[in-house]
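Have a look at the structure that comes next, please.
Each chain gets a letter, A, B and C, in the order it is written, and its residues are counted from 1.
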Amino acid sequence: MKKRALALALVLSMTFGLTACGNGNSTSQGSNGGNTTTAQADSGSGETAAPSQAGAAGEAKTPQDFKKFKIGVMESQSNDSTVLRRNYYENYIAPRYNVEFVFSEQVKSAEDEMNFIENCVDMGVDGIISYRSSPDVNQIIQVCEEYELLYSVNTTRTPMVEDAFTGGYQTMTGVWGTEPSIVSNEFKEWIKSVASEDGSEGFMVTSALAFQGNTMHAECTQGVLAALQDIYGLTYEDTIENLAATSVPLEVPNDKGLNIYIYPGTNSTSDNWVQGASTALQTGKYGVFLQAAPTYGYTGVAVDEVERGFDMNIKVAVNASISDTLVTAFNTDDKFGNSSLDMATVQSVSFLSAMGFIQVYNHLTGYEHLNRMANGEPAFFNMPIWALSSREQVNQAATWDNAEKETWIFNEDAINAALGICNPDLTNEKLVDYYKSITLDWVIEHMS
Amino acid sequence: MENTKENKLPQGTRKLGVMDHIRIIRDKPMFPLIFPLTVLILIIAGFGIATEGGFFRKTVLMGVFNQALIIATVSTAMTFVFAAGNMDISVGSAMAFSAVAGVYAYNATGSVFFMVVVCLVIGVVLMSFNGFIHAMFGVRTIIISIVMMQLYSAIVSLILGPDTVSIDYGLCRQLENAGFRNISFILFFVFCMILFHSTSVGRKLKFVGGNARCAQQTGIQYKNTVLISFAVAGLGVGLSAVFSIIRTSTVGTTLGAGMGMDVMLAVVLGGMSIFGGSRSNAYAGLLGAVTVSALNKGLLMCDVSPMLIQGVRGIVFLILVFLNSERPATLPSAQD
Amino acid sequence: MSTEHEILVQVKDMCKNFGVTIALNHVDIDIRRGQILGLIGENGSGKSTVSSIIAGIQPPTSGSMTYKGHPWSPATALEAARGGIGMIVQEAGTIGSISVAENIFLGNYEPFKTGPIINKKKMVAEARKALDKIGVEDIDPSLPAGLYDMQDRKLIEIAKVMYHEPELIIVDETTTALSQKGRDLLYKLIHDGAQKGKAVVFISHDLEELMEHCDKMTVLRDGVIIDSFPREQFDPEDIKRKMVGREISGQYYRVDEDGYSSQVVLKADCITTMSSLLCFSMELHKGEILGIGGISSCGMHELGRALYGLEDVVDGKVVLMKDEKVITGAKSAFDNGMGYVSKNRDTESLELNASIEANIQSTGYKKNRLFGPFISPAKEKSYAARQIETLAIKCINGRQKVKAMSGGNKQKVVFGKWIADDADILILDCPTRGVDVGVKASMYQLIYKMKQQGKSIVMISEEMPELIGMSDRILIMKDGRINGEFFRKDGYQQHELIECMI
């Protein structure tokens, strides 16, 4: 009996410790327990603020003129970025714009999405910002339409989600994300700059969730394969699209016999993902390592070991967001005194998150026309990304999107410039251009 | 026959302490039902208070039930397998396989009936296969299921790739609104309860799980009994595949991932041991699944952060498992 | 011989509780040098408990002990052993995979170590000495203990204990596991020990054995000392009565000379099994109690299993004569009205974690149906309740788990399930092993009653008195064959039977 009690006590303290750690970044300001939304919920389901509330092109209003909207945030991963985003939403956006956020746990399947949406409906949520890009989008929009819940998702307009655009759904606010071709271009350029004459160093790509339909990851992987094809004049035995979508590790056969290895998945899709990646690296066959998702935290150790063991300099490029992990990685020296990361295509978490919020908020406040293209279909907003390739650049970037100091790249002014309530004569085209104008130079200028 | 009717406690026993009273209560026959049910009611009541009545709304409670359906179906069926002391974690992959087959069946014939039949048949075939290998070759069920899990999910990945397959969403909503899933589940649940508790099937399974050699000596054949349990499990898997299809109208490679563990958790929370034996019953799966679902929904509605939700969930599970696993101490073997 | 000897161990006012149950209730015992003290009592009387406390295996709940005049409270069995208390137990205590010598010096390798290396030769030589000391010649200390049978392994344990020249030797129910040769060896040891001034505590069920070898006998019942008798005053009836606490009405075994029918109900037709039986044949008649005896390894246990279909019969067949049905497995045996009580009660006859009711009801799944495949809970309940009542099974109610019951009560549950099943042919393997006297008597009466009802019983037993007392006919087996057949009407002579066995 005593032993059991002791065991229980130990496990309890461990659990508490872990959750406290995990919760460390975000303060609990945003979670007001027990707020009822019965009054609003009784009216059936989340309602879009009736267009009649705001005059379509009427006077500017303030967020306080509206009811307190409730927005659900659906996350498909659980990493630095999601923690940062939560902080941004709860501590920066929520108080300023009179909104409340509800966060999901890691959503891994269509059923998880359904559960979260149903729970949101029960809580009287008005709209969903989803960070899960998958073919299920077509189904999910139908569900949201039925519950009269706004739906906005972080993806690009690909054939996979085409139905959501053409189905005439009222609650579909549109999508936003980075044209994967931009990322893959950056990867291409970078490979061209570091690759050798004969490609003998070998190339490894972690394709992350490409096999599940994540367009960003798929395009990154495709970009790498296309770049290699260009540089070395390769012929593959299958189409680049198919190769990139492989669900099992694949040594890509090519006519020049170069070592090209595609390794799918992330540490959350399988328990021994990290081991598999390490094993592949430890063969020493790959001198260039590209990662389509921010998995460098898990592979960093393996890379370092291989560099020491084989006395070779592995060049690493990742597609990531600005975060503490990224900064640390860039500032860590490898055996040769270089940065352990050589290039990162980064998105700003605040930029990405703000765009999602803006999309839903405009719709809620009666400015849904900002989310519609000329032909009436939901819009796609492209978000620029930036390629950082030096320690100095990254350290500078680290000062941006900082939660403690509240120095967000996409701050209140930046947001207001995109809101209908602050700029009644904004149009969809102007908004698109606005986002495009946020380049690295813009950021450097605004953040100093 | 000499008369030694000493139905009172034998002379010299001391007064019962707290732990003894707890043990006596735990041995009462209705305990396995009352205790988890009480916990569930307490959890619902707790959330109801915390959300100031929000949790008690009909849509919310129905939602709890709905979200629990899939796990509840498989768990109810799996109590048959667990009762005999076996385990199977391939249920998730088997369900995915079954669902894929069902979707193709529907898209080929347009018949919901045909889809249901295909799902059920495939479910039964897959699970019975596991049971067959075990009965024939004596390989432990946990090993078989680990292997088959990989196999089934590899096949599903192969067929689907990165895509998903789907059927008409409108049809699914119709079926859902007509209460198809709810009614089917209730029918299946009643069937399982009758089969387990009112026929010899459940008793035989429990005996096999408690002491297989003793069961053999009372004429219970291990092979036949276990095969039946896997066939029932297959029915549950097939039915839950149908439910999955109807719920989201799509099937992807992520379907059923981790279900093996979810089922075990549900069964344990429902008050049954996953090692089977005399404390097994057919309702633990439903109780446990609904408890998990209520916890998830309730914690979210209370604005608890997702990371904290995991922690709280873990603690609640631990406590419940801890309470369920106490065994009465026995006298040393010198007694014999 | 009742000259006062010096007290070696004294137990004062000792109590021991296990949860709700009191195993020892303010017990006082004096153990003297040069004296063989017998402790006798039913199961649960506390005799093993008190000796295990003296030997340091478990601590008392309250009370005190002195050893050689000083306070004695050993923390572990090892400490007690080093102090000079040697205990030989009933259960197997050797490890089969290591050598005999390693077993004898288990936990005591220090004297043979030079640095980290163990000098095996030296250990074997010492082991040889230890075995010689107790008079065992044919065990090779360098071989793995697993090569020897249970009896020899018990002798190894005895050698281990005796090597350390204990002052107090405790023998706890050991003799049941030994062959005659082993028993003689043990008796010689304890008598020699007593002569040399050591003290001996001899614990057994077997009244006759104790009466023969002990100087003094103490009777325990329900954790309390009832009485003590010096050798001159040994009176078996009185002792039995004190053990049980009440009059044992009627005779112990049967007194009748009823015969049995000539109709054969079960036949083993030249059956050969995987290990012990080679073309073995026998017949069982209606209304017969057929006793089967022999030494432990003669194959009679396997015969019992084969008759019930639990053992692979590779040649020949077991036939139920009623429908000329061949028994192919336990299910066919069960379905055709046969029952089997295994000698491994806890592992084979009962589901320990299930309730008394559930165990009894396990034979009634077909019988208790209401209609179709559906079982009637009411029928099931009375099925079990009837047995609990007629067999007087001691319990709070039928839902109690079998696990915590005493051996006798457990066996009642086992009998209960077969009686409820109304089996026509019952195969009993060591049915009264580990059962106390009172319950034994009632079982014998039960068996006799079943015979009168026309049922046929095969009783396999290692207890000669039981076979002699109960059987209509006795088959003595040796090395897988029938070595002798004896009939009740001719009168049984124990020495004849024993000669057949060896």
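As a convention for this text, a residue touches a chain if its C-beta (ideal position, glycine included) is under 8 Å from a C-beta of that chain, and two chains touch if they have at least 3 such contacts.
This one's a predicted model, so the numbers in the text were calculated from it and none came from an experiment.
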Chain-level touch network, classified as line, ring, star, complete or other: line
Most distant chain from subunit B, judged by the mean position of its C-alpha atoms: C
Centroid spacing, where centroids are CA-atom means, of subunit A and subunit B in whole angstrom: 36
Rounded Å distance between subunit A and subunit C, as computed from the means of their C-alpha atoms: 72
Rounded Å distance between subunit B and subunit C, as computed from the means of their C-alpha atoms: 43
Residue ranges of subunit C in contact with subunit B within the complex: 17-23, 25, 43-44, 48-49, 52, 58, 91, 222-224, 246, 248-249, 308, 310, 329-331, 333-335, 340, 342, 346-355, 358, 361-363, 365-366, 373-375, 390-392, 394-396, 399-401, 403-404, 406-407, 417, 434, 438, 441-442, 445-446
Residues on subunit B engaged by subunit A in the complex (per definition of touch): 19, 50-54, 57, 59-60, 63, 66-67, 70, 157, 161-164, 166, 169, 173, 244, 247-250, 252-255, 257, 296-297, 300-312, 314-315, 318-319, 322
Contacting residues of subunit B [partner subunit C, same complex]: 1-7, 9-14, 16, 20, 27-29, 194, 198-200, 203-204, 206-207, 210-211, 213-221, 277-279, 328-336
Residues of subunit A touching subunit B in the complex: 1, 4, 8, 11-12, 15-16, 18-19, 22-23, 26, 28, 30-38, 41, 75, 86, 102-106, 108-111, 113-115, 118-119, 121-123, 134-136, 138-139, 142, 146, 210-213, 218, 245, 247
